[in-house]
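Report on one structure; see the data block that follows.
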Amino acid sequence: MPRIGIFIDTLQGSIPASFQEKISDYVKKLPEIAFCLEEENLASSEALSRMGKRLEAGGLDGIVIIGGSPKLYETSFQKLRHPLPLNPYLFAVANIREQALWLMLEEEAALERAKTIISKTIRAVSHSKPIETQSLPLKPDVLILGGGITGISIAQELAKAGIHVFLVEKGTHLGGKALELHRFYNRPLEVRKWMDEKISVVKNNPQITLLTQTELKRLEGHLGRFQAKIQGPDRTETVLAVSAIVAATGYASQRETKGIYRHKRVIVFPEMEKLLSETKGPSLLWDGKKIEMVTYLLDGVNEDIKVDSINAVKQALILQEAFQCQVAILCKDVKVAADGMERLYRKAREKGVLFFKYEEPPKLSIVNGQIQVDVKDTAAIQKREQWPVSILSDFVVVSEAFVPTPETESLSGLLKIHLGNRGFLMEDNPQLLRVRSNRRGIFVAGACRFPQEVSESLIEARAVTQEVTALLSKGTYTYDLAVAEVDPKKCAVCYTCPRLCPHSAITVEKYGEKNVYITSGTGQETKWGAAKVDPASCYGCGICVAECPAKAITLQHLTDAQIYAQMGMME
Amino acid sequence: MSAFDPKIVAFCCDQSGYPAADMAGTLKLKLPKNVEIVRVPCAGRIETIYLLKALEKGADGVLVFACYEENCQFLRGNLRAKGRLSYAHRMLEKIGLEKERIEICHLATNSGAKWVETLRRKSEQLKKMGPNPGKL
Amino acid sequence: MKAGSNLEKVLEKGLFAVTGELGPPKGNDVSVIKRKVELLKGYVDAVNVTDNQTAIVRMSSIATSSLLIQMGLEPVMQMTTRDRNRIAIQSDIFGATALGIKNMLCLTGDHHTFGNQVDAKNVHDLDSIQLIDCVRTMRDQGTLLGGEEKIEGEIKLFIGAAENPFGDPFEFRAIRLGKKVAAGVNFIQTQCIYDMNRFKEWMKMVRDRGLHEKCHILAGVTPLKSGGMARYMAKNVSGIIIPDEIIDRVVKAKKPAEEGIKICVEQIQELREIEGVHGVHIMAIEWEQMTSKITEMVGLLPRPKVE
Amino acid sequence: MIKAEQKPIDEILKYLNPYNKILLSGCGACVTVCHAGGEKEVELLASGLRMARQKIGKKIEVLEITPARQCEPEFALEMSETIEKVEAVLSISCGVGVQTLVRHFPKIPIFPGVNTSFLGETITHGVWEERCQACGNCVLEKTGGICPISRCAKQLLNGPCGGSSKGKCEIKKEADCAWQLIYDRLKALNQLYKMEEIIPAKRWGVESRDSGLRRIIREDLKV
């Protein structure tokens, strides 16, 4: 017979005294009960120290708290960080307030229901085992994939925090897509100069090992013990041992090359940037002639990405102010949701940049060697009416489609992280954890996650830096063994669990030293291939447990027996 | 002879169903009497056998409260649960039990009213259907 | 001469051959055969008798062929490997040749799941190329397959096979014909041709391999009856390509059937000009009466009497 | 490995009708991997059977067991104590496992609970495809490693039939044409000459599956 201690929490009167008394009477008659104490507010630190003292006496197999929602205690216990002399997994909560008292019309029914809940909880806790905590040393070594603006910034910041970085770039030089820019939209500097400075800092920092013309070939291990095999310029292979990995491999762009898009007066943003950076004089010359009219055609592709909007407004202002051009911007929506963009947009309007909003795609045609753009403007006039406008342009600047880099898919396979709908690397939770991947210890940042402007990438770089620093600063990672565990003897190595684990925490491994399977009779050790859950990477969701066709996996803190107890269906 | 009060096992995902149940309590909404709440970390933890065992061992109906699709903290736990339900449904149909005895309901943390409403509706539906003839 | 059939004689003389097609009845009603024979007799050099085509159960090809001989029309007996193993095949060849059948077309056959006995167990003991090899062995070596057991009597057969220039992989289609030639085929009838460009491309590959000199190629044609039929075939029948312009012509025509015949006639005229095409195989399925009209319009009548 | 699919439970119920106490036996090998007959499926089927029989007022007791591999005599014999307690056995291992039990338990009826489907591989999780028909006379060397016996509906050995269209088979439009795959692969390996050679009629009857019971006897291994 297990010995269970009971604490009844009246939650500052929200469980009425009369009800509580009846509960106490019921509980005290139960055979498993070692003691039953009442508290008014169990989550207070005073009550917790009283509880601690009571538990020090020992001799208990579990504790049942009778009170409100377990969520309440879980958060407040964590907040109070009260070390109790009993393993936290031997606690269970009988939620009689939310689930009985408050959900039942009559007190009699509520009481009956509360009794059932209590008896179920006692059964469940009798099946509980203490669960240990483990910790994992984390060396301050990080691998960053991608030497673009995001990767460079993260490397720089991590180095400042005393973390050693391997910065791996597949190309010959650092800088990435940002080098296609001439000017920032929100700072006065020239991009090239600014980048050169950053690159030289990275190159000369002893905390940063720069590896160009290098690619990731293979990745093994988990958080804190990643083994990354990389291949250098002369096909040399090296294995880097790192604690965490950041993917910052950027994006690629694809230019439309059909029909009129091949025309030399239809250009893309990087070409205009180049032209602007190379022209000194008071006017923009092309083929010996002055450029007077430039039309930007946005939202043909990348409709929900704001990069083109930002660059179009930025370039338009330069064209209007420095080169006396007339600029028209055609779009479905002007996207100003970036720092300082609203102001820039207003300035562009003041300086005479024309904005047209369209629904039907504008038509391009060649008229006297120039490009005529026909658009039905829907902005200025009443709904449902469209105002046809023709703009004879010297240049039409169009968007390139932003797509994942060709390696993105294979990278997601190597890192075992998810791809989103459009084939970019996916974050774990778009609302909360933008830079964490689904795997503990692997981060995704910058345009490999979603095409973005330099300033946004810098924000993500900072976020990654904070996350990685927070993870590595303690030197260890501590976790409960409240995770899934495979019984290698039952495992049929069917690969169901590694395929379904949302956090890529399961691999098939050879069990050698630990979990040795002894062939019966021979006494000889056999290396047994079986699935293995990395406890530091497991989030304890239980998907693998439910799917395993051999029933070889157990969720340590929520076993079949505990679930059947909750169902009220234990024999 | 008391009226038939159907027994329902309600599996509640800790990310949606369980907080919704708490919310229902806080709102003091009234629940049918005979509901067993089972708290799971994710609907993906709910094994097919739990759905069947619930019926076998005495429940008249089973409800799985899971997060909305594409909103699973564990990416596809709720979809796995849906797949397992369809397996259980196939089996119930073949053995002549009403597949409506097992149902999934997608909701969010703040769906206290929906949580209670779904259980009330299920309870009414089961009353009409009568006791589960498969329970031992 | 391999078998001395009329078809063989016409082809060996270098004349442009015409073959037709006759589907046996779904029962034992000989009058159906008689009616079809009347429609074809005199307009073709020989007529293919299908072997449970599209796996629909019909009167056996051997029996029908034998009846045709009695009615004075030369048959090309089709035989598929779908329903017979090598024992049945060789036994049937004994019987067929004894009944005076001189032309045989070696086929794998349409898959049985397309037919009306979908739960059948198919055989496919041999494939069509192995069947050609089997018949050739029986005829030229006088032994059964395997080359040891002597045959009593002589097997005389003009061996044919089918080829589909519109199946994939396209580049392999001429190689496959080469395999049939190597296995011993004497003539080839193609799947019905609508995509003339692809057929010409295939014929070029055939000529590059010199195959047109090693076997007679009869180009297959099927007149389109209606726009619906054209669309259906283009969409649903694997291994048939019908260009949009042809579908359009039939669909838009006031009298689609007449337009279909007209297209067919034009096609035959074009096919005649292609080097290596030695004849035409007109598959007027359940529309046998059109065979005479088509041959007349192309100017292929009267059919030669060759001795 | 062997791929199988569970039989519809109503079919199973029909032949279990005369029995009131049975053993449901799974297998820890192939059928576990393809989610047809592992411990998980044993539990599920057992529960379904009990409820079905409860419903018609004819209770059945179902014992559950899942040996590591049902097709080895030792594993089968380990089950003998349990088997002696029941009136019949329902085995959801493959057809081989069923017959291993049949061989060792002559007096107890043994029923199959799955349809043994084919020898195949996993395409993605939950999708399996046939790859081998155990013809006993492997032709993969000649066909670029792609088996036309199991993957061509007509088991052609000398190239595709006329129904191969855009890489797909005309019989099952969702299936790739095996000979298109073979062609593509041999082309990539620069071995197209293999497709020009005539593969002679296959010897189905002597050393293949139509030769009657096939056995492998390894004199060196026999004890």
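Quick notes on this one:
Should a chain be cited, it is by its letter among A, B, C and D, assigned in written order, with residues numbered from 1 in that chain.
The definition used in the following text is that contacts are C-beta pairs under 8 Å (C-beta built on N, C-alpha and C of every residue); 3 or more make two chains touch, one makes a residue touch a chain.
Since the structure is predicted, the reported quantities are computational estimates derived from the model, not experimental observations.
Chains making contact with subunit C as well as with subunit D: none in this assembly. Of the two chain pairs shown, A-D and B-D, the one joined by more C-beta contacts is B-D. Centre-to-centre, using mean CA coordinates, subunit A is 65 Å away from subunit C. We define each chain's centre as the mean of its Cα atoms; on that basis subunit A and subunit D are separated by 43 Å. Annotation: 36 Å between the Cα-based centres of subunit B and subunit D. Residues of subunit A in contact with at least two other chains: 500. Shown for subunit B are the residues in touch with two or more other chains, namely 47-48, 53. Residue positions of subunit C with contacts to 2 or more other chains are absent. By the contact rule set out at the top, the touching chain pairs are A-B, A-D, B-D, C-D. For subunit D in complex with subunit C, the touching residues are 153-168, 170-171, 177, 179-180, 183-184, 192, 195-196, 198-202, 204.
Those residues of subunit B that touch subunit A in the complex are listed here as 9, 18-19, 21-22, 24-26, 28-31, 33, 36-42, 44-48, 50, 53-54, 57-59, 73-77, 80, 84, 116. Per the touch definition, subunit C reaches subunit D in the complex via residues 82, 86, 108-111, 113-114, 122, 124-130, 133-134, 145, 162-164, 166-169, 171-172, 175-176, 178-179, 182-183, 191, 238-239.
By the touch criterion stated above, subunit D contacts subunit B in their complex at residues 8-10, 13, 40, 43-44, 47-48, 50-52, 54-55, 59.
Subunit B makes touch with subunit D in their complex at residues 47-49, 52-53, 55-56, 87, 91, 94-97, 133-136.
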